[in-house]
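Working notes for the structure below.
Chain IDs A, B and C follow the sequence of writing; residue 1 opens each chain.
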Amino acid sequence: MSSCSHPVLRRLAAQHSPAWAEELPEPFVLRPDSPLSLAQLADLFARRLSELRGEAHYAPEVDDAVPILTHLVQRHGLTRVTCADVPWLTSLVHRAWWDPLTHDVRQADGSVTTAHVLIADTGTVVVAAGPMAHRGATALPRVHIVVAHREQIVYSLGDALTRIIDVAGNDGLPSDILFITGPSRTSDIEKTLVIPAQGPAALHVILIENG
Amino acid sequence: MTVSLFVPCYIDQLWPSAAASMARVLRRVEVDIEYRPAQTCCGQPAFNAGHFAEARDVAEAFVHVFRGADVIVSPSGSCVAMVKRRYPALFAGHPLLEEACAIGDRMYELSQFLVDVLGVDKLGAELHRRAVFQDGCQSLRELGIHDQPRRLLRSVRGLTVAPLDHSGSCCGFGGLFATRFGALSAAMADETIQSALARKAECIISTEASCLLHLRGRIERRKLGIETMHLAEVLATREGARA
Amino acid sequence: MSAEPTASAPHVPTRTPRDPASRTSFAQRTEEALLDPFLRVKLRDALDQALAARAARADELPQFEEMRRRAGDIRRHVIGRLAEHVEQFIETAESRGVRVFLAEGAASARQYVVDLARQHGAEHVVKSKSMVTEEIGLFDALAEAGIDVVESDLGEFLAKLAGDAPSHLTAPVVHLSRADIGHLLEEKLGVPFTDRPEEITAIVRDHLRAKFLGSRLGITGANFLVGETGSAVVIENEGNVRLTTSLPPVHVIVAGIERIVPRWADLELFLTLLAASAGGQRLTAYTSVFTGPRREHETGGPDELHIVLVDAGRSDILADPMLREALCCIRCGACLNTCPVYRRVGGHAYGYTYPGPIGQLLAAGLWDAPSGYELAHACTLCSACHGICPVGIDTPALLIQLRNTAIEAGKHAMLRCWPVRLWRWLMLHPAMYRFAARTIGRHGVARFPSLAAAAMPGWVAHRELPAIAPRSFGRLWRDTRGFTDE
């Protein structure tokens, strides 16, 4: 788009106002009072997630995630589970659940994904688009299970944004980055909180401590 | 230091006892007071309605009247807010700009003056009433006046001030708003009155005579039995004099 | 005092007139709103909840005030150099494969989306909540083009079903009770009546699922556009934005040109502040950051991403050195929640897409109609909005400015002129003012009370007139020698 040609841009350019902040102020960074250990970050994350009616589950080793997955699938009565196409994750899910996996996200009633990064301060799971999972895997099925490692937890939204851009670079951002903060909800009806609204009713995060 | 009294036109004519009480209170704490009779208005009604030219002319006269005054005290927080917060913009590019800003620096609402400048919070007042206090919007939000009147009222013997739900919520006067959107303005007054009655208040107290006039007009129309008193009138009562 | 009404009366839909030459005025519409006793109760409870949540979250953030100041400064910087930021955004977004259309007016914005839908054979379209699409009348334009549009946000869906416009920026059906909604679904969807929020939500969820699966075009708004990366950020709680953007092969975002934040890192501040100010959340349930259409190796997501940047009068607001501050707004809705006027009459009384204090500013700027100026007067200048605004927009000061603009433009000057001139003359001639107060004021009112009442109809319709005191303060001062005679 040529900047000189568009009438809107010409009109906007005529209204420059140097009186308002010559220098662009620095971004504001939210920091914790003191740095938190990984264990403290995990605790904070779990607490925030539970405040949002999500659930955190601890797995000391990768293999310990298997019985948790089995339990969750049974508890929610899931029959059509879709899983992100990540080898270590699919092998876990195959061990946890004997039925074949669903590949159509539209039909699935449960989905298992990895995460890009987790945010302790807000209880947020960040999932980025990629070849591994259909974009709809985080929203269409009724139950969403995330398997992540404790090292993936950072303190703040700002820390997560930094990690994302460091990994991707300005040019390499995926088409979709989703920050999930609890299962889906609405308060549109007389300000009464209802979970779920249109997305998942349940959000589970399995945190692997080692490995 | 001599305190020059600013009594806006509507208090001069419609509620002079608020200003008279202010004068008596200031005398009680042994402050020298003067009253410059050429004063009329700070220009706020015209300014708020968007008539900047007329407002500026009247504001200019205000600056002339109070030239050389040490300190100006008014029973109206909204007028003080006008001078302190709006005069700089109103006088932009005007030869009197500096003087107009300087006057704002020396101007106070009564409770502000008593508590923040004189450090006084006991006046020997006595009034046996159950009351609520309604904040004036400009006093509260433009001047930060909240604790000062409450402190002063706490020292009034016999007076109970119950907390008012949404005491900072506008009573609905808003100058010309009251006549332009009369039904809405009255409905907003009714909310304030209802909150006061819910607290079993016999009296609504405020630093703003304009709010009180509006509430009083509504109270009288609805024939409700709740009084309105200006803060200065409450403070001017005397211990021992039953009222 | 009669008891507060708690039961719900049948809801009568209020179609917000988008026609600027609307027949009713704000004053008339407020009087209608005041006749509805249930509206007050519904509004008060809902808005108080949002305010309490915001206050609790603000307490949690020790740097909240500093965050507001920084946000205000960053937004002012962007608005002060909007052309640069818009150009940067267009450049980066296009380099990521986004098709950007810069729409001068509402008509061209609507046409772009309609053409896009036709091009892709999209007979069924899903959209998520976007105030700017309301502003430009996109829904009706698509419907007129024979395209079936579904509003997928629960509140917006219900509003459309009821034939209403949304009445709040972030809570579209705050004016409806659960019983209202239950009856609505019973009537329009033929489901058995229920007023339980969970059941209502489940009904709408099921109804909308099929729509998402069947659409070839998804339309959303955007809360922020990131200049540095060309990303569009969309926040929500329900998940309908996710559904709107995961399945259809084409996604179009409609956003005002002023939505820009300069840097990726700025998202921390703005997302935190917006979630806090709107409803006291740390973050909304879903924050989507869209950068370009689906990449080759990604599964799901649109093959084409279009962004329609809408001017539609914003550049005119920008041209006004004072009013441009209104473009800093991040649409959190807090000013509505705290405005004593909005709280009393609700959003439909404003008769404009954007209600509340921010709406009063935008109406005068974007909607060049007499009603725009009337809205500028519909404010008591209490400044509650200024006190709560996360970017510090001084709405009362701007409304006074708008009142002045209307006067200078001579639109409302003639009839109103003489009282102000008279007032000015009296204020500049203290002796005359005192004489007039004594004679016409005190004696005149005493002898001709009905004339006095006739002079102030707006006041006396609802209130008794105050009496002029027998002795003015000036007189008292003289008589008591400055209160020394007592």
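The rule is simple: a contact is a pair of C-beta atoms (placed from the backbone, for glycine too) under 8 Å apart; a residue touches a chain by one contact, two chains touch by 3 or more.
Everything numeric in this text was worked out from a predicted model, so none of it was measured.
Judged by the touch criterion defined above, the protein chains link up one after another in an open path, with no loop closing it. With chains reduced to the mean position of their C-alpha atoms, the one farthest from chain A is B.
Ranked by how close its mean Cα position lies to the mean of all protein Cα atoms, the top chain is C. Among all pairs of chains, A-C has the largest number of C-beta pairs in contact. Between the CA-based centres of chain A and chain B the separation comes to 54 Å, rounded to the whole angstrom. Averaged C-alpha coordinates put the centre of chain A at 31 Å from the centre of chain C.
With touch defined as above, chain B holds no residue shared between interfaces to two or more other chains. Chain A contributes residues 1, 3, 6-9, 11-21, 23-30, 48, 52, 105-106, 121-124, 129-131, 133-140, 156-158, 161-162, 165, 170-171, 173-192, 194, 196-200 to its touches with chain C in the complex.
Across the interface of their complex, chain B is touched by residues 1, 26-27, 30-31, 34, 340-341, 344-345, 377-384, 386-387, 397, 400-407, 420-421, 423-424, 426-428, 430, 433, 437, 441, 456-459, 461-469, 471-477, 482-484, 486 of chain C.
By the touch criterion stated above, chain C contacts chain A in their complex at residues 42, 45-46, 49-50, 61, 63, 66-67, 70-71, 73-74, 76-77, 79-83, 86-87, 90-91, 94-96, 100, 102-104, 152-155, 158, 171-174, 177-178, 181, 197-198, 200-201, 205, 208-209, 213, 228-229, 231, 237-240, 242-243, 245-247, 257, 262-269, 271-272, 279, 281-295, 297-301, 305, 309, 311, 315, 318-319, 321, 324. Note for the complex: chain B touches chain C at residues 7, 9, 11-17, 19-20, 23-24, 27, 33-35, 37-41, 43, 45-52, 54, 57-58, 61, 89, 137-138, 141-142, 168-170, 172-189, 191, 194, 197, 213-214, 216-218, 220-221.
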